[in-house]
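Next come two complexes built around chain A: one with chain B, the other with chain C.
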Partner chain A sequence: MNKGKPKLNQYSIETQKLNLFYGKTPVLKEVNLQIKRGLVTSIIGPSGSGKTSFLTVLNRLTDLIPAARVDGSVFVNGENLFAPDVDTIQLRRRVGMIFQKPVPFPFSIQKNMVLPLREHGMKDRRQQAERVETVLRDVGLWEEVKDRLSHSAGLLSGGQQQRLCIARALALKPEILLMDEPCSALDPISTAAIESLIQSLKGRYTIVIVTHNLAQARRISDETAFFWNVEGIGQLVESAPTEILFEAPADPLTKAYVHGIRG
Partner chain B sequence: MSLARTERMLYAGCRLASICSGLIVLFIGFFLFKESLPLLLKINPMRFLNDPGWHPTEGQFGLFPMFAGSLLITVGAMIVAAPLGIILAVFCRFFAPRKIANAYQALLSVLSGIPSVVFGLWGLVVLAPIIRHVQPPGVSLLAGVLVLAVMILPTIALSANAAMTSVPFEYLQGAAALGFSKWQRVWGVAIPAARPGIVTGMILGAGRAIGETMVVLMVCGNVVQVPDSVFDPVRTLTANIALEMSYALSDHRAALFVSGLMLLFVVMGFVAISESIRAKVIEK
Partner chain C sequence: MLCTGVAVGVGLFFFWLIGDIFLKGAPGITWEFLWDEPENAGRKGGIAPVLVSTAAILLVTLGTAVPIGFGTAVFLAEFSQGKTTLGRMVRRALDVLASVPSIIFGLFGNAVFSHWMGLGFSILSGGLTLACMVLPILIRTIEAGLRAVPLSTRLSAAALGLSRVAVLRDLIFPAAVPSLAAGLLLGLGRALSETAALIFTSGYVSRMPESLLDSGRSLSVHIYDLAMNVPGGDTHAYASAWVLIVLLFSINGLTALCLDHWGKTRMRGL
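Let's turn to the complex of A and B:
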């Protein structure tokens, strides 16, 4: 780390009294959450509890929605996300995001991988090829696609597309990976592949994953945060190590939800 | 039972409509061919390209200058209008405030509805005199190119805009999440993703330009020659037909139908090019 950077603590992401509005409608209310470096944190909760919205705040994708307004503060590696001098392009390189629906661009596999690298200044073709191979191996896709890099990414299966998208994000060497229900559009085998991929990325990246699948949250995450919808507004109910949140939650609402009684 | 019947009728109706529209094209082609056939049988068809001049009453049927005129005007209008139209669409879709974008689109729709004779009038009384100042005679290839460019601009801009509007938000969001700047989201993702639609718009524009008759009659000077510069007057295949149809007889008349046949082939060529570009996009 550079000397000028603020000192790093154990938290990759820290939100304080985070509120989010779309126009006049509040979407998130007073979320205080700390996400530990190098761990997998899952965010669970019913639909409409603001999980996805919370994720999009963390790399400022909310900027794309003209009516979105954020107050409170968010620190990524100790730096205020909404400080006026934040370079969102650099921010999004460091905080990658994977969406619910895989979104490969309608180009070849090769171009999908190389376009972001070029955008971030890597012009050397040999370097590009090395990086592409490394990350495609990381996501277990290399053997499947190495002979057809020039084919359309749209021809891959859903699971392959999602792994391609993860590889594409990893190629930029992010520090944090945000995943918004990355398996919800996938079959069980592809889901298993992505889950073991997430396990293998643990430690190297801080991963925040939104999931509707409680069993998945239990399997893959170290920490879990539970969101709930209170009169249409998303709120954080509690966050704890996954084991504790599922076995001995502090809040009765959490208990009801993880036991499938509510939600 | 009744549902199946409605469905059958719907199917029959659709089939009838598509057969009709297909037949119309075939009939036009057949008609052009039939009317030009006497001359095509009489002389070597290559003479339409090779004959030194266009003197149809004296047995000289060189259509090449007109063919070149049509092609040059169309290509010229495309070179001017396509980049402008695409830039305009990008501006409307990605950079302009909503109100200004809507106003622009309304303006373009109006522009596309103006009759070509009005464009011709403007070209004749405003544009041609300006060009005459630079280099007489004013009515010229350049005048035709510029007026046609203005005419086909809305076609290209509106279809490019529609194509870019249909690029899924997910692509743009995905690109943003990878740290693409706004410019790169547009240039690197939106425009390539919209390319099939943009190409279709360009072909529609080209088709409109090559088929345009009134404007070229009014502003291009109608001299039968392969132009040496953009300031030279030219005659197009369409103008050739319009100018001479009223008094053409026998071979001369058949030669004008050959002009029409030639136009048909050029348009088919455009369609073939656009299809191959689109096929390439899908293959990728």
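Let's turn to the complex of A and C:
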């Protein structure tokens, strides 16, 4: 028996009737969303509509929040995310996450990069160094930091810190990258750098990016999902190819939101 | 105005007290005093065995309190999410214990370590009793340090698939080192100046101890004995108090230095 796993399909992530509660408070209600492999999917919607919470379900960070309770089903690459035999450590290697505020660890750039690699079994120094250089080049940080890898990561600028965090996640060769408003704390130049980074990652990774910036969603994403708060509970109103969602949305709520009438 | 007056008053009082001890104690401080055995109940001779006993008692205290304290703090901060009954019970118990007078610890240590465990009046009994006494402060301070690691750091670490062990070892323990040092300072200070708890456990034999199972007189017990029970012991009581205060100051200064150093490294860190 292969435990009734659905066949690998075009979806990296699929949620079915996903509900999330913090304690007794419902935060997400009946979210059914399919995220296509290799594409960039953006999630838009007002503050408090459960976008961040939705991302944290997808790599089971909700396990760390004592009051969080999930029901419904989530499939990552066709596998049930909440099956009892899921190894969350492996899962989180495959599903990387970037937070709104960059969180470099309080030690050197080098150690920030190497610690996760070592933890995931890459012990060889040369291999580590190669991987670190590759991903730091991918995020456009290599030239800026190659001479000061031993310096503290806390000394980097906000934009550099965020790119370091992205590199740190990419170094683990994830299949899916969840990004929670990665540019919201950054200046326009850093934002542009991260946007073009996302463009260059397209195809190799499945990217889910939460953004408040509608123009950004239009620029970088293939698909867009719109979350809205219904009586304090986050719901998915509509998801569609980005062009369609912005030009010809099916739901009047979406139309109002993308035209800046509400929210 | 009044507050300033009170503050100045407190400051003056502190300098008067320290000044008094330093002035009266200083003449008694010689190499012989630090190097020799006490004679004539401490009126003559020195305090070498007392220093050795004190050090041995503190070592026993640290040797037991640090690992137990660290372990308990990690349990409280990391493995009992604030709501488990066990966690709550332990925390409540510690808060009560922290305010129990030392004489009670002395009686407890005497009953449990000296008699029940058969360790008698010994450095070991005294050290273990002091360990019980300083544990509450130590645990609560370390726990606070562990808890100070922000949730965002923990979430980022988990999102990279770091194991619990790696998170503890590389992110949480290093962050707790300054609070461990602060807890140690508080604990050591309390242990070093403790008299009541030791009279019943490590006793007051002033010979040079030969093992941890020998009775040994700590510095504070020595001062107490000279001041209260030995007519004409004043000079040496003051000299011993001088040594005690210098020790306390050095521990204080050393810890401040360490905290400063770590503080700076962590600031550079983030």
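Here is the rule we go by: the second predicted complex is superposed on the first by the 256 of 263 C-alpha atoms of A that agree within 3 Å, B and C clash if a C-alpha of one lies under 4 Å from a C-alpha of the other, contacts with A are read in each partner's own complex, and residues count from 1 in each chain.
Throughout what follows, a contact is a pair of C-beta atoms (placed from the backbone, for glycine too) under 8 Å apart; a residue touches a chain by one contact, two chains touch by 3 or more.
Since we're looking at a predicted model, the values are computed, not measured.
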**OP:** Based on the superposed arrangement around chain A, label chain B with chain C as either clash or fit.
**Re:** clash
Original post:
So, does A:Leu155 touch the first partner chain B, the second partner chain C, both, or neither?
Top reply: second
**OP:** May I ask you to decide whether A:Ile89 touches chain B, chain C, both, or neither, giving the answer as first, second, both or neither?
**Re:** both
Original post:
Touching A:His259 in the superposition: chain B (first), chain C (second), both, neither?
Top reply: neither
Original post:
If you stack the two complexes on chain A, which partner ends up touching A:Met97: first (chain B), second (chain C), both, or neither?
Top reply: both
Original post:
In the superposed arrangement, does A:Ala169 touch chain B (first), chain C (second), both or neither?
Top reply: both
Original post:
After superposition on the shared chain, which partner residues are touched by A:Phe105: those of chain B (first), chain C (second), both, or neither?
Top reply: both
Subject >> chain C-contacting residues of chain A that also contact chain B >> reply: 59, 61, 64, 88-93, 96-97, 99, 101, 103, 105-107, 115-116, 119-120, 152, 165, 168-169, 172
Original post:
Once bound in the complex, which stretches of chain A touch chain B?
Top reply: 59, 61, 63-64, 88-93, 96-97, 99, 101, 103, 105-108, 115-116, 119-120, 152, 165, 168-169, 172
Subject >> Parts of chain A lying in touch with chain C, wherever the complex brings them together >> reply: 56, 59, 61, 64, 66, 88-93, 96-97, 99, 101, 103-107, 115-116, 119-120, 152, 154-155, 165, 168-169, 172
Original post:
What part of chain C is in contact with chain A in the complex they form?
Top reply: 81, 83, 152-163, 166, 170-171, 174-175, 266, 268-270
**OP:** Please name which positions on chain B make contact with chain A in the complex.
**Re:** 168, 170-181, 184, 188-189, 192-193, 282-284
